[in-house]
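Listed after this line are the structures, all set down as structure tokens.
First chain A sits with chain B, and in the next complex the same chain sits with chain C.
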Partner chain A sequence: MIFISPWLLGFSVFWLWPLGYSLYLSFTDYNLAQAAKFVGVANYAHMFFEDFTFWHSLRVTTVLVGLYVPLSVVGSLLLAVLTNREVRGMRTFRAAYFLPSMIPMVAAVMLWLWIFSPRFGLLNFYLRSLGLPTSEWIASPRTVTLSVIIFLLWLSVGGPRMMIFLAGLKDIPVELYEVARIDGAGPLHQFLKVTLPLLSPVLFLNLVIAIIYTFQVFVVAYSLTQGGPLNMTLYYVLYLYRNAFQFLKIGYASAIAWVLFLVILAITAGQFWLSRRWVHFERE
Partner chain B sequence: MARPRTRDLVTGGIWLTAALIAFAIIAPALWALTASLKPPAELLRFPPQWLPRSVTFHAYADVWSLVPLARWIENSVVITFLGTFGNLVSCTLVGYGFARFRFPYRDALFMVVLSTLMLPKIVTLIPIFLMFKRLGWVDTFLPLIVPQWVAAGGESGLYIFIARQFFRTIPMALSEAAHIDGCSELMVFARVILPLAKPPLATVVLLSIVWNWGDFLTPLVFINSQEKFPIALGLQLFKDDMLGSTKLMSELLAVTIISIVPIVVLFFLAERYFVTGSITTGLRG
Partner chain C sequence: MIRRWSPVLIVALMTTGILSDSGRGQEVVNLRWATWSSAERVITDRQVIEAFQRKFPNIKVKLEVYPGSSNFFDKMNLLIAGGDTPDVAYHFSEWLSDWDRLGIFEDLRPYIARDPDKSVFEREALGTQLFTTREGAQRAMPWIVTSLMVYYNVDLFKKNGVPFPQSTWTWSQFEDIAKKFVKEDQYGALITTTEWDYMIRWIWVPFGGYYVDQNITRCGFDQPGAIAGLGFYERLYQEKVTPPYSYLQSLGDRILWQSGRVAMLVHQQAGILLFMDGAPFEWQIQEIPIATSGKRITRGAAAGNGILAKSAHKTEAWQFLKFISVGDGARILAQDGRGSANRRVLAETVRRIPFSRSLHLSPRSFNSQSQRIYVNSLAYAQPVPTPPNNGQIEKAFAPYWDELRLGTRPASAIAQDMQRACTTLLKK
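What follows is the complex of A and B.
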């Protein structure tokens, strides 16, 4: 017990107490200058019925999660299947896929600033030389979501998520594939009937984590797009950050934070409930 | 049953696909590297050239006087070192506790450890900010470092998990033998168990270095003075100060490269630890 005391202390001070205190703050009006004033559910009422920006930020975040998470999880899975083949140099390729997820995210943003630049950017240059239409990328509200998705895919498709899939693939007994082949199953059939069911717990884990993390996307919005253009990347946590640390609406920001907490909790619980229908958990 | 020739073709196809994807993923960094080595006139030339005609290191020479880069790097090193050291000490102790001892609610508490990795940290950020403000710690490194000493900063939950998974594999007989020889619990841990635990500890250290070096939100909230910025914030400041102009583009790319290089070097020196870290746990985004 004495060994875990650092964690008991840290958990109480940096998780338990802040969670409770921010719940209390969410029922107050507080701007750091004056003492917190209890206002009941006024913050929540304002958020739900008057603050259109709140709904907007929730909507753009949900759209990002809805588009990016499936692409990214499927992308990582396909990449894992590809790199599971022991071909010469595969170790090096895997390292290359993994690298973007390790570098500071702000540095990654700096790398992409120029790629996305409508005038000088590499992306438009190559599109043009291939005779394809160019795009305004992060400069236009219509393409900024696509740009963020491309950036995030680059950042994480070959990262830890792919490695987790890869570990899951290596755990599947080779004999199962041999049996399937003898029964006349082609590669696609083997993937659908052997790989996917046996990989479903790993797929489930990756899906849950990807959704939780994407709801909290922040750095790309803060640094690459500054929430714009036209607030199209005013993602939830950026809006929360601005309310708390720029507008100093501490009480209101705490309410926004608690709603995020509950949304994430609800989605995760929902996924666990749905998982009984499609995830093949191993019986011990 | 594929004939040898088709099999070669399939293998070749896989290799080519994998190589193309690898190139596409590395390309942005390569581009930034070569662009930072170009003279300003060449940087904006169309069509873009992958290889600079004339290599110049002027951007790398100039940045040090343009921005307090040396200071930012020093700050990042200090924060990363102290934070990682704290995580190493606290998370191995805690992981050991969860792995080797029986106590009430142990498994429930361990589930709580894991769930902290899933909970949105942003919810706790405002109260923690108010607390550190009251303590007068805002605009010091303490808010970035102290939580890591009590296994509650960055990805501490993950490190506890890595440590616990490893300690569980060490036979209890080893500890018992040491007890009989008169060792205390702490001595068993320090003299018998820790020397065996180099691989998981290396994983924890490396993951924590990467996290501390790249963390953006925590310093953004707690650090105000530019001379106390870590490199990640400094990079952002440099970009903001350019106001969209391309005048100092090579310099910005040079600072970007400088901020990436330590991580890349670390990664290639110890690739397998990073990979095991992400696999044994499956708990990173």
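What follows is the complex of A and C.
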């Protein structure tokens, strides 16, 4: 108990208490300056039955999660497989892929504002050079989600997720591949029958983390698109932030935060339940 | 027992200073001044603080700089949420109703009434009006008051053979002139961009429209004036008079203006510091066009500073606020365009602009006629009524502005939705 007490103290003060307090605030009308007024479930009722923007933000966030997470996880996995070869200069490649994830996101946003610029941007410059049609990128409601996904993929595919996959790949005994080869398995079969099953715990971990983080996406919407155009990037946490610190509706924002927590909890619980069917742990 | 220990207690209290009066004269008060600033402005801010501390050696001011003006509102709210409130803070007239609802800033009327120099405060000045609530409370002292005027690219007018705009022009003539410049990669007018959305709210004013009525009980987007204003804005985009939304979003209005591709820019006076510095062409300014009512009318905005209600040093905070608003500090601030709390200081600011350390405005462009237009433009500005949850309504309008710019629906249909959204939020 003595050894665990510092952690318990930190957990209680910095985690449990704020969590409990925010739960309490979600049942109040609180605007920072005046005392919180208990309003029962009014915030939740307003959110579910009156606030169309809440549903819109949940919808656009879910679309982003649905499109970005599979691309990101599969992209990181493929990149990890490609960089798992003992080829001369591979470390440089790995570092190069990892580099974007080390750039502060706001700095990366500044860079991509220029890359996405329809008139002077790098992307349209290349498209024009190749004789291909150009795009409005973040300025158009039709292409803004795609633009955000491209930006997030650039930032994350070669980042920590790839490193976790790489660590998992290094952990797979080479003997298994040798046995598979002797049995006549080609590279694709080796990947599907050896790599994927043995990497499934790592894949599961990355999937869970990616979904949690993507539901909480904020900086890209705040800095790159400001939620627009046509609110197409008004992601959930940006809407939460606006309610808290721009509309000064802290109670309502707390309720929004708790709903997000429950959504993520439900999805994660679902993933754990499904994981019994496809994740293979060594000890099982 | 108490009697036996009381001499010891008294001596102890005196030595620790609790009962001592000897050091009171030298007691130093530490003030925190939170403001947004840029690399250039922060130099002037520090000069102001040094000058103030020379005059009031017992008051030390700590400058807390938050980069970027547009997010300052959020940053202040975060400070307040964390219980870490400064003593004096930057305020902007657009935030007045939101912050007033929460009582975050002190009402300055009692301070002004008690002040021996009360004659220096102009109650009727536009800047003061913009920081005064419907109940009459003054929440900040202005240091920039700004209205709208039209900047134009003289070189582009000459190149296209278009006569320069005259002060007698109407909005219809403005539109006709702007259309003459429309060609590949050249535009007639630039009104504003997302960053300056608060300046758009004037767009229906010249057409006789309003955002909310004077009693703040009704939204005005179902009125012909508002629809005409939105239609005007829509036409500028649809007829490519103004650069496409994608350009504005990715480049910003400053770069677009300075690229020399835009003939006219409708912007606030304060924009002169940002937009004209280093502009690689000759430019001039003109008064805003005359409205349908036959009057020249626009809206005003003000930036300034106020005293936080939670400050523990309100008397000292008032000394500092007065110094930077109407005192010697205001004159130092005039070097970079601030400190223009009233017409007198504004005129002083204008004279100093061409010689500013941080700016390199062309003195040829900024001649005596421009100086007169610059100062006179304030006279056409008026405060616009804003609801208490203005910030939320503004954000709710964002997608509708996008629609106008993108041309996805006609202005009349968008106006209906704006009216619906505004009415719903106004009721709350």
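Methods note: the second predicted complex is superposed on the first by the 276 of 284 C-alpha atoms of A that agree within 3 Å, B and C clash if a C-alpha of one lies under 4 Å from a C-alpha of the other, contacts with A are read in each partner's own complex, and residues count from 1 in each chain.
The working rule: a contact is a pair of C-beta atoms (placed from the backbone, for glycine too) under 8 Å apart; a residue touches a chain by one contact, two chains touch by 3 or more.
None of the values given here were measured: they were computed from a predicted structure.
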- prompt: Should the pairing of chain B and chain C on chain A count as a clash or a fit in the superposition?
  reply: clash
- line: Winner on chain A touched-residue count between chain B and chain C: chain B
Contacts of A:G228 with chain B and chain C, given as first, second, both or neither: second
Query: Which partner does A:L79 contact after superposing on A: first (chain B), second (chain C), both, neither?
result: first
Task: Once the structures are superposed on A, label A:W114 by its partner contacts, choosing first (chain B), second (chain C), both or neither.
output: both
- prompt: Is A:L130 in contact with chain B, with chain C, with both, or with neither (first, second, both, neither)?
  reply: neither
- request: Considering only touches as defined above, state whether A:L260 meets chain B (first), chain C (second), both or neither.
  value: first
Message: By the touch definition at the top of the document, which applies to A:A33: first (chain B), second (chain C), both, or neither?
response: second
Field: Touched partner set for A:I138, first chain B, second chain C, both or neither
entry: second
- prompt: So, A:F245: does it touch chain B (first), chain C (second), both, or neither?
  reply: both
- request: Please write out, lowest number first, the residues of chain A touched by both chain B and chain C across the two complexes.
  value: 113-114, 120, 244-245, 250
- request: Enumerate the contact residues on chain A facing chain C in the complex.
  value: 31-34, 53, 113-114, 116-121, 136-141, 226-231, 242, 244-248, 250
Task: Within their complex, state which residues of chain C touch chain A.
output: 73-74, 77-78, 80-81, 98, 101-104, 194, 244-247, 249-251, 389, 391-392, 395-396, 398-399, 402-403, 406, 408
- prompt: Which positions of chain A touch chain B when the two form their complex?
  reply: 1-4, 6-7, 9-11, 13-15, 17-19, 21-22, 25, 79, 82-83, 85, 87-90, 92-100, 102-107, 110-115, 120, 122, 125, 129, 154, 156, 158-161, 163-164, 166-167, 202, 205-206, 208-210, 212-213, 215-216, 218-219, 222-223, 237, 240-241, 244-245, 250, 253-254, 257-258, 260-261, 264, 268
- prompt: In the complex formed with chain A, which residues of chain B make contact?
  reply: 11, 14-15, 17-19, 21-22, 25-26, 28-29, 31-32, 35, 44, 46-48, 90, 93-94, 96-98, 100-101, 103, 109, 112-113, 116, 118-131, 147, 149-153, 156, 160, 185, 189, 210, 213-214, 216-217, 220-221, 231-233, 235-236, 239, 246, 249, 252-253, 256, 259-260, 263-264, 267-268, 271, 274-275, 278-279, 282-285
